[in-house]
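Have a look at the structure that comes next, please.
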Amino acid sequence: MMNFTLNDTTRFLLFAAVILTMPIWLIPLGGGYPDLMQKFAIYGIFAIGFNILFGLTGYLSFGHAAFLGVGSYAAVWSFKLFTMNVIPAVLFGVLFAGLLAFIIGFLSLRRSGIYFSILTLAFAQMSYNLAYSVLTPVTYGETGLQLSQQDPRLIDNLFIEEVSTGLPSTTLFGIKMSGYSGFYFCAVILILCFFISMRIFRSPFGLMLKGIKSNQNRMKYTGLNTRPYMLTAFVISGMYAGLAGSLLAVTDPLAGAERMQWTASGEVVLMTILGGVGTLVGPMLGAGLIKYFENIFSGFDNNVLTNAFSFLPDSVAEVVVPVVGLFVGGGWHLTLGILFVVIVIYLPGGIVEGLSRLMAMLRKRERPVNGNMKPQDQPGE
Amino acid sequence: MDNLVLHLDNINKSFGGLKALTDVNLQVEEGTTHAIIGPNGAGKSTLLNVCVGRLKPDVGHVTFDGQELTGKQPHEIAQIGVARVFQTPEIFPEMTLLENVMLPAFSKRDGAFRMNAHHQLSSQAEIRDEAEHILEDVGLKEQMLNEAGSLSRGDKRRLELGMCLILHPRLLLLDEPTAGMSRHDTNRTIDLLKKIKSRGMTKIIIEHDMHVVFSLADKVSVLARGQIIAGGSPEEVREDERVKEAYLGGAH
Amino acid sequence: MDAIFLQILNGLDKGAAYALIALGLTLVFGTLGIVNFAHGALFMLGAFCAVSFNKLLTISTKVEDKTVTLFKAYKEKPYLEIWFPDAGPVLIDFAIPLSILLAIPVMIFIGYAMERGLIKHFYKRPHAEQILVTFGLAIVIQEVIKAYFGANPIPQTAPDILAGSASVGSWIGLGESVVYPWWRLVYLVFSGVIIFGVFAFLQFTTYGMVVRAGMRDRETVGLLGINIEKRFTIVFAIATVVAGLAGVMYTPVLPPDYHMGMDFLVLSFVVVVVGGMGSLGGAVLAGFLLGIVQSFASMTEVKAILPGIDQIIIYLVAVVILLTLPRGLMGRAGVMDD
Amino acid sequence: MTKDNRFDFSRRGLLKASAATGIVAATPSIFMRNAWAENFRNNPGDAGEVKLGFNVPQTGPYSEEGKDELRAFQLAVKHLNGEGDGGMLNTFKPSSLKGNGILGKKVTYATGDTQTKSDAARASAKRMIEKEKVLMISGGSSSGVAVAVQSLCQEEGIIFMAGLTHSNDTTGKDKRRYGFRHFFNAYMSGRALGPVLDKEYGKERRAYHLTADYNWGWTQEESMKNTTEELGWQTANTVKTPVGAGDFSQYITPVLNSGADVLILNHYGKDMINSLTQAVQFGLRDKQVNGKNFEIVVPLFSRLMAQGAGSAIKGILGSTNWNWSLQDDGSQAFVKSFGAEYGAPPSMAAHTCYVQTLLYANACEMAGTFYPPEVIKSLEGFKFDGMGNGPTEYRAEDHQCFKDVLVVRGNENPTSQFDLLKVVEQTPRSQVEYDWKIFGGELGPYKV
């Protein structure tokens, strides 16, 4: 326990370094463009936050997309009504998501297990359906909430004369929040979020959450009131989601209702499980992997494939290209599905935990060691 | 008899048509060890459940040191100073032994809820020292970094005892602390319980093993078919005809 | 009055579909302890059994289509119609009901293969991993179907004699104008039969008794020395067949496409949980309840007071039920509680 | 104009644009904008190739349509590069296309998956812009996606040639300087259907609307309601249905005894397939109300989608942007080369995507540059013919194409599996034109 400290510092620095150098090492992987990196960072925040709830307390929320959506809507409204500066937008996003999380959490946490999951799902689906139809005056429904030139932007208009006829862009005190600067903004917040998450994992509060996952009975008879602990965790992870939602709006000022759909909630569940529930970096890995598939694999069409396999003789390429084509382009879902199945079979516990188990097994085979082979990075499961 | 600390007044509890407890009255003196014995299904565990707030009695009150326990939430009762060791150990199997014992220590220090996320576990040296002490007391210190789930049943019991002890409870309820243990383990546990007797906490112990009862108890109450049929010092109870009958009757 | 009666029928019909899907889901949930996100995909596979059977019956020879002049196009004429000019078209007309015969063995096989090949390794794994693996499997199944059948819905027609509407109104004295499609009535009756069949199986056979015991306490049944594993396979196969048959019979109502399973998945989970974990009766009850509530919420009169209520009614009812009844309508303590 | 002198053009473009928009104050942001104009987004420079981005639904309910769009794009690229039989390149006039790529540069493309979700579509478009460096983005199969991608393209300075999008908003309140729509819209559907409904069903009708509960559905319902009420029809009721409802029975049974004699299904895609199939199942087609046959109208018909409804579409009236059975030279040439390549006739989505690609290429040739403001100006007000639908104009004020609209009917006796729709009427352009001001919105600046 004591010797975690040093480890954590190195892990944190390593994490920060890997995130900040993304624009370099992603280039050979075909992902080195700002939008995808922004998505990595944003969905990383979303998944890391989700993991604070699911990984620590074991409460599986199927409605976290609602907070993502609310964060986005709040941020875009902040751009429309007040200022294009991203700071208030982010604050509003976090605040409103936190409020909604408090309400939904307060009600849903009266139940546990699958009953809790379905309650959160139901709340999120209601939010989505209403945002898509009845709440159109606020959410702009299917089209999504966008900026327009008629927006009041009260604060901006106090200071800045109307100069351009185009839409203003989101700024951080003058720095445009699109492209690489947008990515670095998200990356810094991600690193901060990772740090906070790490602190929570290692704090007495985190220990309590793990206790809830492990044995609620014992918690109660130890004199601990579990409800406020769970509610706090729920609100924190809701705020993470709201933060991610507002960052989506910061890098691309548009908020669509489908961000709140159950598929989006399911996505963050999958990201977390894929990476490793209850591990620190797992959710980030899972988020990156899914977003990578969604954005890069879907772009491989037959054209790209033919070029890629041009080194093969034509007759071979004619067979290979259509076969590979089934798994990329429009077939990227198939690859993702197979990936889920394969990872969960061969790497139980997700990527991080699976890998560390694999390492432990290999080490054991080399020289049998007794005692605890506990992987460094698996406090919860 | 002026320092009676726990009062059970006229407790009645039934499940459906089945009467589990009928007009149970019990007083426990501060600092003593009070054993409750009785045949299977006599209502012993129900009695403990009523004490810790898991069950609410249909009629009657439980008061501890002048405070009403009836109707309170389990965690509130625990914060008053009532701890319980369960028949099947309730521990945190995925955590290390050290964490298992540190967690209750936070409960003792910080109360039922405290948003303590700004501190790190590693900086809580006091709590850790105390936890290590307790683990030493229960004889598990060498394994303190192992996962609790991997312990033997007897060790899990001892761990749970440790988790209760670090709460410094004023009343400790023990539900068959030696059931299923080997003679050797049982003796170790008796020694341990004797050792903590000196700390002055009140204990209620449910036990089948008469050897354990007679080694530890200051007073014994006999529960049969939901009623207290005898009470007194261990020697008195041993001689009581009704007790013999209840046990033999229960066997038939 | 007419309108309400029709909405009750609509609700029952919808409820029948929900109940059939939820039945298998809760069975697998309750006995095997598996959170099966691929259950919707099984429903979809059932529907595609009907599509395939139809295709099988209409295996055709290609005849050049002279009406298309700009490029070479072909139209298809089924061999059955060529070989048996009389019986052939009738057979094709009855493709949907007949495809049940195909769907049962196919679905049993799929269920068997899925359970033996994949699911059985996940009995002891955390729910999270079950979700991931079954969700992955669902995607794979979907994509395979999409690759072969395309993404567009494929229309299936009910047999001609069931094509029209029954004047249910005159049966119960509501007037001639109250009519309801025959096929939907058939679907309702069919669901009733299946639900009854599953209950009878669980109630009156020794297999069923073990399964019910297993739903209550899996470990004890295992301790009794009963080969619970083998029973699990059968339970899974039953769930698969029920979902598949629901899919087959639903095709004339909803032209099947590869994605239809996902559309039903979330809803069927809601139904199962509202019914209460581990309760078959609860799932059926919840299915019908939600179906009827949804139908009523869609009425113009209701929407005039509460705009958009039909969008959220199912979830709203689910929330209210789950917050008032801790374990849904008929759930038992201890099943998937934590 | 053919000489490729980039510097010269961009400077002139800048001057023109400055004059047009009347930018005055000299602030730092304006200074930045100048820098932009010198070197516009994804300027191909001296490269021998240019890349176009085709953003279509490859997963989800519209993926079949997306697949067809992609085929059309690939065919268009082929034709632009002078491969194949040239298709509409031979019939399109006035054409500046030479069959040697665009401005002598070979055309290549990148593809992406919109998933029919605004978020995914924008992410995919951003990848094309940021990573693939495309000059233009086209495709899509829903208005939500079109509006979302269009506004992104405006911000990024990339031209967006919309694919299938039918909402009035795309070139109405959400129109953008960088977005162009060849497809028709809900308003035009209504105008085109009006006379045919009058002729076929008379003036004494009561219409019942079932409407998909989102933007497109509402604009469609509004247009149909206005049109039919102008004819003298009454509106019995308008009911919003949740998107993806699947089973519509609870919305259909109230129609049975509502006294309405026409059901208007303002649905598209799977909703349309399901609601139509089920409406027919409930016997609406065989019903007699007020002594008249009950009729169903589907304002936006697509052949690809109609396949899913099977025999339910027989005799149903609707409108469509284009159908492969058209006999004009342009349509015939396109169907011929598309059919030869893929063995099936193109859908209307494919047609609009093909035409859009050609129109963009042609505009670049006309402008003599890829510099977007110049290309936009060539497209604005551009009049052309030979692309199906007769003489067509890209209206400068809202970037909406005006052309003949087809009123079609589900074929009672299809002669082939593709012969699902029969053209009833080719409503002339003049009848569907409207004042661009009625939908509001602003195009925004040429330069961003």
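Going by the order they are written in, the chains are A, B, C and D; count residues from 1 in each one.
In the analysis below, contacts are C-beta pairs under 8 Å (C-beta built on N, C-alpha and C of every residue); 3 or more make two chains touch, one makes a residue touch a chain.
In this text the structure is predicted, and so the values were computed from the model without any measurement.
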Per-chain Cα centre nearest the global Cα centre, belonging to chain: A
Averaged-CA centre spacing for the pair chain C and chain A, given as whole angstrom: 33
Chain B and chain D, separation of their C-alpha mean positions in angstrom: 75
Geometric centre distance via CA averages, chain B-chain A, whole Å: 45
Intercentroid distance (Cα basis), chain D paired with chain A, Å: 34
Touching two or more other chains - residues of chain B: none
Multi-partner residues of chain A (at least 2 other chains): 129, 132-133, 333, 381
Where chain C touches two or more other chains at once, by residue number: 308, 311
Chain pairs that touch, as defined at the top of this document: A-B, A-C, A-D, C-D
Residues of chain C defined as touching chain D within the complex: 2-3, 6-7, 9-11, 13-14, 17, 65, 67-68, 70-73, 75-76, 146, 150-158, 163-165, 177-181, 183-184, 252-255, 257, 259-260, 263-264, 294-295, 298-300, 303, 308, 310-311
List of chain A residues in touch with chain B within their complex: 1-2, 4-5, 199-200, 202-208, 210-211, 213-215, 217-226, 228-229, 232, 371-372, 374, 380-381
Residue numbers on chain D that touch chain C, as the complex places them: 60-64, 67, 213, 237, 239-242, 244, 246-247, 249-251, 253-254, 256-257, 270, 273-274, 277-278, 281-283, 286, 304-305, 307-312, 332, 335-336, 339-340, 343-345, 415-419
Contact set on chain D toward chain A in their complex: 21, 23, 25, 27, 29-30, 33, 58-59, 63, 66-67, 70, 74, 108-113, 117-120, 122-124, 126-127, 130-132, 142-144, 147-148, 151-152, 154-155, 169, 174, 213-216, 240, 242-243, 442, 444-445, 447-448
Contacting residues of chain B [partner chain A, same complex]: 52, 73-76, 78-79, 83-84, 86, 90-96, 98-99, 102-104, 106-108, 110-122, 124, 128, 145-147, 163, 167
